[in-house]
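Given below, in the form of structure tokens, are the structures.
Next come two complexes built around chain A: one with chain B, the other with chain C.
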Partner chain A sequence: MSALKTTLTGYAGYRGREGHWSFLLHRITGLGTGLFLTIHILDIAFVYLAPNLFMDAIKLYQSTLFGIGEIGLVFCVFFHGVNGLRIAYIDMFKPAAWTITKQRNWTRTTLIIALILWLPATFVMVRNLLIHNFGLFGG
Partner chain B sequence: MTATTRTIRSVKTPANYESIAWKWMRYSAFLLIPLVWGHLILQDVVVGVHNMDLGYVADRWANVGWRIYDGLLLAFAFAHGVNGLRQVLNDFIHKPTGRLILNWGLFIFWLSITVIGFIALIGGVNQQFPLQ
Partner chain C sequence: MHYKLKIFRFHPEQDARPHYQHFELDADPTERVLDVLEQIRGEQDGTLAFRRSCAHGVCGSDAMRINGRNYLACKVLLRDLNAAEITIEPILGLRVVKDLIVDMEPFFDHYKSVLPYLINDDPLPADGRERLQSPEDRERFDDTTKCILCAACTTSCPSFWANGEYVGPAAIVNAHRFIYDSRDQGAEKRLEILNEQMGVWRCRTAFNCTEACPREIKITQAIAEVKRAIHTGKLE
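Up next is the complex of A and B:
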């Protein structure tokens, strides 16, 4: 238990600004995606193992709560991917850029790219929710 | 003023379990960028969850190309995810016994879910068509 406490207080208390935040965000987005992926493999497995349960799972995914979760998931996947590309790119082609000041800018750019990818997708998903779950836009 | 040169030191060490796992995290990551982003944009944005049912999955899996695509996703994404979880948990579990249990536990977890996924992927939609 002491390892748990030490690590968690380290995560929370360390003041590494952008580098620290992107480390935490990379972990949270990765764990979030992994959690959904586990559930998703099992719900798709229902198409063979229990087709009726699959339809129940799809209905759950079409609910507003899961729709909001889906929008969060898409951000997780985009941020985790863009941030992973940043790390791999610097490692392989630009190791001289592994300095705190340079990475502050790289990290901000990473977040902006992830948001640029996420926003149009979110627009479509919010629109779908409003059409199908709230009867707006002729739904 | 004398010119200075930067030398990058590289040390060759024999590969071990952890270094192979680390390399595969990166290889799978490169594959997952097109695979997962493509899957996400297609299913969540272009098609949308409101247009999905058993028939949609059946139509999609009628094409063997999509089954291979989904098989690659299942193989690489879930392994990447479970190894990532292992790396996170290594921050919290330091004792050799704990790590041994962690490694085996996660290996069994990864294997069971992957096998379940492939059974469905190969078995396909288990329902007579047209749907009642």
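Up next is the complex of A and C:
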């Protein structure tokens, strides 16, 4: 079995606990954030290289699909950031906290913190989307 | 109770690719998965290949993926799986030799690479017998002495799945066992090995290793301690 096939089989098929799912979510949110940063660097480059394309990119970002994508992006940033801090803190300063019970609790807490940070941002973003893209709330 | 088993089969001389074979049998929920495998081999299909030796969680021969998770077949009871349908597959990341048997050589090569033996060139004590240490010093590495090299941890590790060159949790655990032994003098050499590209920094703290360890070794903690020793240059 190739390494890629083994990895994907493991990612999707291994029945790990919180740590496994947290690892996968960390990967996915990292890829999501990385993808956004790549696109963002490209569109900012358009300001100098092709101003017309930059305006097209801005128009595209204002579309409903991108609006929904941005809501996902904010979750990616919050989860990846909070989870990264958790891992760095325990790994560097509190190795003794890597016990099964504590790790499961910390992982769940991390997700809850990320959701708490994400929900207000989501509220504002969904509201803006409804106002500007669907003409609701007097938009 | 009636159980349905789906077992990974692969005979390299007969099969172009692996497949799953289904078996059904009656067993007591307090029986172990190993008992059921023995029953199948004895009564239904004598060609089923799997490793076993002590059958009491000491030799580490029968690590396998049971319902998607690494276990020792001799340590998990059917009732612990909470399912009447059980899927049994070989551990991931090592080449399948036949059915549930994998090639453990790469795993043992990683183990050997961390110098898993006492290094001490000082002359023996005056009485010519053992090198003594305090109970506190012995306690420091007690947890990592429990490893039975079953590979349940290493083959549950996403970093190992992605790159078989990664030394893996088991090798790090066994390095930890000697790094923190007050009688040993090879810590610097081992930390150098583990500081390389395929060493401890490949650990992504997915924690599957600690969850899978049949000896309940705090593997992620041991890896973090080794990382810290490399980072600070101190053995705490």
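Simple rule for what comes next: the second predicted complex is superposed on the first by the 138 of 139 C-alpha atoms of A that agree within 3 Å, B and C clash if a C-alpha of one lies under 4 Å from a C-alpha of the other, contacts with A are read in each partner's own complex, and residues count from 1 in each chain.
Throughout what follows, a contact is a pair of C-beta atoms (placed from the backbone, for glycine too) under 8 Å apart; a residue touches a chain by one contact, two chains touch by 3 or more.
This one's a predicted model, so the numbers in the text were calculated from it and none came from an experiment.
*Asks:* If you count the residues of chain A that each partner touches, which comes out higher, chain B or chain C?
*Replies:* B
*Asks:* Quick one: is A:Leu53 in contact with chain B, with chain C, with both, or with neither? Answer first, second, both or neither.
*Replies:* neither
*Asks:* Who does A:Thr99 touch here: chain B (first), chain C (second), both, or neither?
*Replies:* After superposition on chain A, A:Thr99 lies in contact with chain C alone.
*Asks:* Counting only touches as set out at the top, which of chain B and chain C does A:Ile113 meet: first, second, both, neither?
*Replies:* So A:Ile113 meets neither chain B nor chain C here.
*Asks:* Considering only the touch criterion stated at the top, classify A:Asn128 as touching first (chain B), second (chain C), both, or neither.
*Replies:* first
*Asks:* So, A:Leu85: does it touch chain B (first), chain C (second), both, or neither?
*Replies:* A:Leu85: touches chain B, not chain C.
*Asks:* A:Thr7 contacts which: chain B (first), chain C (second), both, neither?
*Replies:* A:Thr7: touches chain B and chain C.
*Asks:* Which holds for A:Leu31: it touches chain B only (first), chain C only (second), both, or neither?
*Replies:* Only chain B is touched by A:Leu31; chain C is not.
*Asks:* Which partner does A:His20 reach: the first (chain B), the second (chain C), both, or neither?
*Replies:* second
*Asks:* Which chain A residues come up in both lists, the one for chain B and the one for chain C?
*Replies:* The answer is residues 3, 7, 95-96 of chain A.
*Asks:* Going by the contact rule at the top, pick out the chain A residues touching chain C in the complex.
*Replies:* Per the stated touch rule, the residues are 3, 6-7, 9-11, 13-20, 22-23, 26, 87, 90-92, 95-96, 98-100, 103.
*Asks:* Going by the contact rule at the top, pick out the chain C residues touching chain A in the complex.
*Replies:* Per the touch definition, chain C meets chain A at residues 65, 67-69, 92-93, 156, 158, 161-164, 204-208, 210-211, 218, 220-221, 224-225, 227-228, 231.
*Asks:* Which of the residues in chain B end up touching chain A in this complex?
*Replies:* These residues of chain B touch chain A: 6, 8, 26, 29-30, 32-33, 36-37, 40-41, 44-45, 48-50, 52-54, 57-58, 74, 77-78, 81-82, 84-85, 88, 91-94, 113-114, 116-117, 119-121, 123-127.
*Asks:* Which residues of chain A touch chain B once you look at their complex with the stated criterion?
*Replies:* Answer in residue numbers: 3-4, 7, 27, 30-31, 33-34, 37-38, 41-42, 44-49, 51, 54-55, 58, 61-62, 66-67, 70, 73-74, 77-78, 81, 84-85, 88, 95-96, 121, 124-125, 128, 131-132.
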